[in-house]
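After this come two complexes, each holding subunit A, first together with subunit B and then together with subunit C.
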Partner chain A sequence: MSTSTTDRPATGGRGTPPTGEKHRTPVRHGWPARHERLTAGGFLAPAVLLVSLLLLAPFVWTVHRSFFADTRTSPFSWFDNYTRFASDPALTRSIQNTLLWVAGTVVLPFVLGLAIACMTDATRFSRLARLCVVLPYALSGSAVAVVWNFMLTTDGAVNQVLTAVNLDSFAQGWLLTWPGNTVVMIIANAWQATGVAVILFLVGLQSIPPETLEAGSLDGAGAWQQFRHIILPQLRPVSIIVIGMSLVNGLKSFDLIWVLTQGGPGRATETLAVSMYNETFLELRPGAGAAIAVVLTVIVLAASWLYLRRQLDVKGG
Partner chain B sequence: MTVSLGRVLRKATVTVLAVLWLIPTWLLVVNALVPAESYSGSPHWLPQGFGLFDNMSQAWDKANLGPAFGNSLLYSAVSALAAAVLAAGAAFATVVMPVKRPALWFWAIYSGTLLPLQVFIRPLFLSYAHSSLYDTQFGLVLIYTAVAIPFAFFVMRNYTLTLPREVVEAARMDGASWWRLFWQIHVPLTRSAMIAVFVFQFVAVWNDLLFGITLATSRNIRPIMAALADLQGNYSNVGPPVVLAGALLVSLPTLVLFFAAQRFFVSSLKIHS
Partner chain C sequence: MSASGRTRSASAPLARRRFLAGAAAGAAVLTAGGCARGDSTSAQPGNTSISNDNATWDDGYRAAGRELEKITGYALRPLSNPSVTSYQQVVQMTLQTSKATDLVKWASGYQLKRLARAGGLTDLSDVWSTYQAKGWVRGTGRDAVSYRGKAYGIPLYESYYVLFYSKPVFRKLKLSAPRDWGELLHCAEVLKRNKITPFLASQTGGWPAIEWFQELVTKVDPHFYRKLVAGKASYTDDPARRAMDIWHDFMRRGWMTSPDFDQARGPGALKAGTVGMFLHGTWQAQGMTAAGMKPGVDYGAFILPTVRSTTPKSVIAESGVFTVPARAASHDAALANVGAWLAPPVQRVWSDFLQDSSANPTVRSNNPVVAGLQRDVTRERRLPLIRYWEASPPSLIQGNTNDLGGFMAGQTSPATTLRRMQERAQDEWAAWRRDEA
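Up next is the complex of A and B:
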C-alpha cells in the first residue's frame, strides 16, 4: 500500500550530499555551495511561485475579505459574515445539506465499495460486475449530472419505471422537494464515486498475505468470521483513505449539484461549495461568500487531517 | 450446503448491484443512439435506429462543443504536462539536491491541494479581470497548472524518495551539472510516475467546471464542461438524445485514457495512499 512512502532512503540520504560535497571540496570552494543553492532555487521557483501567487495569496485574501462587509466600501465588520450562518435560512439549509452529503458520501461508497471488492473474485463474471461499477468513475461530475437528470426529471426513467409497475403514487419530481432532492443527488454521486473505492479496496485486499486466510480457514473460521476478524482489520489503512477521500470529495462536490439544480429550487439543494458561488457571483455578497469559503476550508482541512495524519510522520513535515 | 448457499447469495447480490449500476450507463448509451427526431418523450430501454453521430454533431453545433473541445484538449495537455515537469523539478530539488528546509518547501507547495477551490475563485476572478487574463486561454492554462502542481508534486516527491541515490552521486562526481542530471537521469528514471501524474491531471483539468464558468465566458475560450453545462441548460429545447450524446462525446477522451492507462490510474492511487 504505502511502499512508496515508507521506504525512504532520503532520511538517511539527507546526510549524504554533504559527504558527496566533501569529495568535491578540493575542486570547488565557497561559491559552489551558493551556486548550488541558486540552482535548487531555480528548480523550486516555478512551482513555488505558481502555487503561492495563484493559490496561497488568493486564500489569504479570501480570509481577509471575510471580515469585511459586502458593500464596496467594506468597513471592517468582525464576525458579522459568519453570524449569518445562524440567521440566514438559506445558509442553515446549506449546512444541513453539507452534513447530509458528508454522511452520504462517506457511508455509501465505503459500504458498497467494500461489499463489491470483497464479494467478487478473479472469475470473468466478477470482473464484468466490477467493470459495471467502476465505469462511471471515468465520467466527469457534469456528465454524471446529465445522466441523472435524464433519470430523475418528471418524464425521466425512474418515474417511467414506477408508472410501469403501477406505483404511480411514488412517481414525483425528484429534484423538486427537499430533502428528497439532496438524497437523490447523493445517490447519483455514489453511483460515480463507488468505483474508486472498489479499486482502492481491491489494492488493499491484494496486500493481505494469503497465509493468514489459510490459517483462518484451517482454524475453522467461516466466510463471515474470516471477513470480520481477518480481512476487515487488515483493510484498516485503506478504509481510512477511502473514508478521508470520500469525505473531502463530498465536501468539495460542486459540478453535480450545479449542473443538476444550480442549488435550487429556491436554494434548497445548496451545499457550502455551491452557496459560496451563489453568494459571491449571483447574490453579489462577496463578504458572505468569503466567510462561507473559509468555513468550508476549515471543515475540509479537519477532514483531510483524518487521513493526512498517517502520512505526516512519514513525510517528516 | 451452507457454503453453496452463501455463494449463491453472494453471486445474487453482486449481480443485483452490477445491474443497478449498469442501468444509468445503459440508458445513457441507448438514448444517445435514438435519433433525436424520433424520440418519443419517454426514455427508451432498447436501441432503436442509429442516430448517435447525428446527435453528436447536433450537440457539437448547438452548444459550440467544437471550440470547447479543442480548448479543453489544449488546457488539459499543456497544464498536465507543465505540472508534471515543474513538479518533477521541485521534487528533484527537495529530495535529491541539498536544499535547506525541505519540509518548508514541501508545505509551501503541497498545501495548495488541501484547500477547496472556492477559496481561490473570487480573488482570482478579480485579479484576472484587472490583468486582462480573464477569458483568455493563457489565463486558464495558468490556473489549471497551478492547481495541478501540488498533488503532482506530492506524487513525484514520494516516487523520488524511493529512487537509489547512488546514480545521482556518481553522476555528480563525474562533474555533471544539476540541470543535465535532471533531464538526462532524473526525468527518465521517474518517467512512469510522470506519466501517472500527467494522466491524472489531464483528467482532472478536462473534468473541471468551476474555473471554466468563473474565469471564462466566451464560447471560443470556455472549456468543454462549461459547454456541456450550457447544453444541459437547453435540455428541453434540444431534447434528451442530443444532450446525452453530448455527455457521451465529452467523456470519450477520459474514457479512452481511463482504459488505456488503467495501470497508471491504479498506481497513482497507490502512490496517493
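Up next is the complex of A and C:
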C-alpha cells in the first residue's frame, strides 16, 4: 500500500508537510484523499457501529418508549410518564435520595480520600494503612452490601456492640427510617469508594515537586499554609477527576441499595436508578421506567458536562 | 537470530496483520456462537424441560420425573434461574420465541392471567376436566388458574399459610397451640413476658409484607377479603381497618420482630427459642427439617384462629402452577407430563420431597404436621382463599406491598396506609378493566 497512517499530512493540511514527504502536496485531491478517508472510516466503523448499536439505539428506543402509556395497547401519552415526577411521592423521595447520594458520594470520598492520602503519604506504616483503605475498593458493591447488611440490621453487629457497651438508647433500626437509612448507606458506599480517591490523591501528591514545598518552608510557611497554598492548588487536576467520578457514581448508585434494602421499606431508600428498575421490572410499567431513565441520563450528562466543561476550561486556560 | 532493520520493518506489519486477522476471526467465532441456538431448551428424547425459579427443587423434579417417565415415557429436566425477577423477564420473553421450555413454573391468580393474556400459553381445560373427574384436584382451585373461562395451569403443590411454633418452648411455658383468638393473645403475652418475640414479621425482600395483612384480614372477615381482592370492596372499609389496627397493636406491644428480620433465619430463630411463632407457607416445613427440627417433636403448626368465634374459618392456600408454552419444543411430551403430574405415584414422591401438601387431595403428606393441617382444613371445612400476592392485578399488589412495608417500618399510620392502598386500587383496577375491554 502506498498510503498508510504513518505518512499522513499534518492535520488541517496547511503549513510544512511532515519530514520526508516533501514530494507530496499538503492537500491531496482525488483518489488518494478519498482512499484515505475510506481507510479512516473503516477504522472508525467498528467503534461507531458498536456505540450506535449498544448505546445510542437503546437510548433512542428508551426515549421513544417513555412517551407511551403502560396499558395493554400502549397508546401515545405525551408527557404523562414525566408528569408522575410531580405527582408520585415515591419519585419525589427518589429525587431527594439521589441528591443526598450525590452530595454524600462527592463530599465523603473527596474529604476522606484527601485526608487519608496526606496522612499516609510519608508515615512509617503508610503502605499498610493505604492497603487497609484501598482494599474495600477491590470488593464488588454486592459483597460490600452483604457485609454492611450483617452490621446494620436491627439485630446486627452495630446494635449488638452498642448494647454490649450499655449504649442501648443509640441502638435502632438503621435501615428502617428515612433519612437515616439513606445516610448509613452513603457511609457504607464511602467506605468502599474512598480507596480509589486515596490512590488518585497519592499519585497527585507524589507528582508535586519537593522544591515548591522547600521554597514555601524557607519563606516561613507553616504546615497548614503549605497545604492550603502549595499542595492543594497542585492537586487540582486530581481533584477534578475524583469529584467528577464521584458525581457520576452518586447519580447511578444502585447495587448497594438493591442488596441492602431493595429501595424499601416502602420505597423510602430508592434513588432514580432503583426507581427505574422498580417501575420497569417490578411494577411492570416500562413507560414510566423509561421516563425515569431519560431524566436520569439527562441529569448525569448535564452534571458531568457542566462540571467538566468548567473545570477543564480553567485547567486548560 | 538478529534481524536487520529492513527485516524488522517487513515482519512487523505482517505480525500485526496476523494478529488483527486472528482477532477478527476470534470475534467472528464468538459472534457466531452467540447467535447460534443454544441446546438448553431444545427437544431431548425422553425428556421435558421445565423452567424453575427455585434451584433447591431440582432434585425433587428429577425424582418426580422418574415416576412420570414410568407413566408417560418422559422425565423432567429442570432449568433453574433462582432470581425471581430475572426469571419472570426470561420466561415472558422466551414464551414468544421458539426457545421456550416445555413446562414453565408460574404463579397462579392474576400473575397467570397476565401471562395468559399476552398469549403463548396452551389451553389446559381438558386436562383439568380429566383431573376433576378422577378427583385428583379440588374444583375450587380452577378459578385461580383460569383466564376467560379457560384453564392455563395445573397446580404444582398446595401450601397453606400457618403459624409454625416451637414445641419445646411452648411445653416449657405450659402453652399449647391456640384454638381461638383469646388463647392466641395469651400465648403472645406469655412469650413476651419470657423475653421471646411472639411473632416473626418481615418485609425484607418486599413480598413478606403481605403475610400478616392477608392473614389478619381473612381472620377478621374472609368474605370481605374475597371482595377486596376482586376490587369489589374498599381498603378503607371496616374489616381492613380492624385488621390493620390489630397488626398495629401487635407491633406497639413489641410482639413482632423488627421488619428487617430476614425470614430465612426463621427456622433457626424458632429452634433457638428467640421467636415464638413464624407465619409462613407450609413449604417452610422443608426449611424446618434443614434446621434440624423434627416435625411434631420440635415444631408444630396451626392456622391462625379467627378474631371472633362466629367468623367463618378460612385458610390462605398458595399454589404454583405448571403451564405449557404453545411453542414448546416438545409440546406433546409436555402435555403428556402435565396430564400425569397429579397421578398419586408422582405426587407421593413430590410431596415427600417438599414435605408439603400435594395439590391432589387423595395424597396425604408424610410430614405429620402438614398431614394434621390437611385434616384440619377438611374437618373444619375451611374456606380456601387465594394468596394476596396472586389475588389482584400485579401492579396493584406490588405497589400495595411497598405500602405495607412502609407501614411495618413505622412510616405511615394504618389509616394512611389503607387510604394509599385504596387510591392505588382504584387506578389499577380501572387500568386492568380498561385493558380487558
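By definition in this document, the second predicted complex is superposed on the first by the 256 of 317 C-alpha atoms of A that agree within 3 Å, B and C clash if a C-alpha of one lies under 4 Å from a C-alpha of the other, contacts with A are read in each partner's own complex, and residues count from 1 in each chain.
Here is the rule we use: a contact is a pair of C-beta atoms (placed from the backbone, for glycine too) under 8 Å apart; a residue touches a chain by one contact, two chains touch by 3 or more.
None of the values given here were measured: they were computed from a predicted structure.
Novice: Counting residues of subunit A in contact, which comes out ahead: subunit B or subunit C?
Specialist: B
Novice: Quick one: is A:Thr182 in contact with subunit B, with subunit C, with both, or with neither? Answer first, second, both or neither.
Specialist: neither
Novice: After superposition on the shared chain, which partner residues are touched by A:Thr271: those of subunit B (first), subunit C (second), both, or neither?
Specialist: neither
Novice: Which partner chains sit in contact with A:Phe281 here, subunit B, subunit C, both or neither? Use first/second/both/neither.
Specialist: Both subunit B and subunit C are touched by A:Phe281.
Novice: Between subunit B and subunit C, whom does A:Asp155 touch in the aligned arrangement: first, second, both, or neither?
Specialist: both
Novice: For A:Asn81, is the partner it touches subunit B (first), subunit C (second), both, or none of the two (neither)?
Specialist: The answer is neither, since A:Asn81 touches no partner chain.
Novice: With the two complexes superposed on chain A, say which partner A:Ser94 touches: subunit B (first), subunit C (second), both, or neither.
Specialist: So A:Ser94 meets neither subunit B nor subunit C here.
Novice: Once the structures are superposed on A, label A:Phe254 by its partner contacts, choosing first (subunit B), second (subunit C), both or neither.
Specialist: Touch status of A:Phe254: first partner only.
Novice: Taking the two structures together, which residues of subunit A meet both subunit B and subunit C?
Specialist: On subunit A, the overlap between the subunit B and subunit C contacts is residues 153, 155, 281.
Novice: How about subunit C: which of its residues touch subunit A in the complex?
Specialist: Against subunit A, the touching part of subunit C is residues 85, 88-89, 117, 203, 205-206, 209, 258-262, 394-395, 398-399, 402-412, 431, 434-435.
Novice: If you look only at subunit A, which of its residues touch subunit B in the complex?
Specialist: Subunit A reaches subunit B through residues 1-5, 7-10, 13-14, 16-18, 20-21, 23-24, 36-37, 39-41, 43-44, 46-48, 50-59, 61-62, 65, 112, 115-116, 119-120, 125-126, 128-129, 132-133, 135-143, 145-151, 153, 155-157, 160, 191, 194, 196, 199-200, 203, 222-223, 237-238, 241, 251-252, 254-255, 258-259, 272-273, 276-277, 280-281, 286, 289-290, 292-294, 296-297, 300-301, 304, 308, 315-317.
Novice: In their shared complex, at which residues does subunit B touch subunit A?
Specialist: Counting only subunit B, the residues touching subunit A are 2-3, 6, 10-11, 13-15, 17-19, 21-25, 27-28, 31, 41-43, 86-87, 89-90, 92-95, 97-100, 102-103, 105-109, 111-112, 114-125, 127, 142-143, 145-147, 149-150, 153, 158-159, 161-162, 164-165, 169, 172-173, 177-179, 182, 206-207, 209-210, 214, 225, 228-229, 232, 235, 240, 243-244, 246-248, 250-251, 254-255, 258-259, 265-266, 269-273.
Novice: What residues of subunit A sit close enough to touch subunit C in their complex?
Specialist: So the residues of subunit A touching subunit C come out as 71-73, 90, 153-155, 173, 175-178, 262, 264-268, 281-285.
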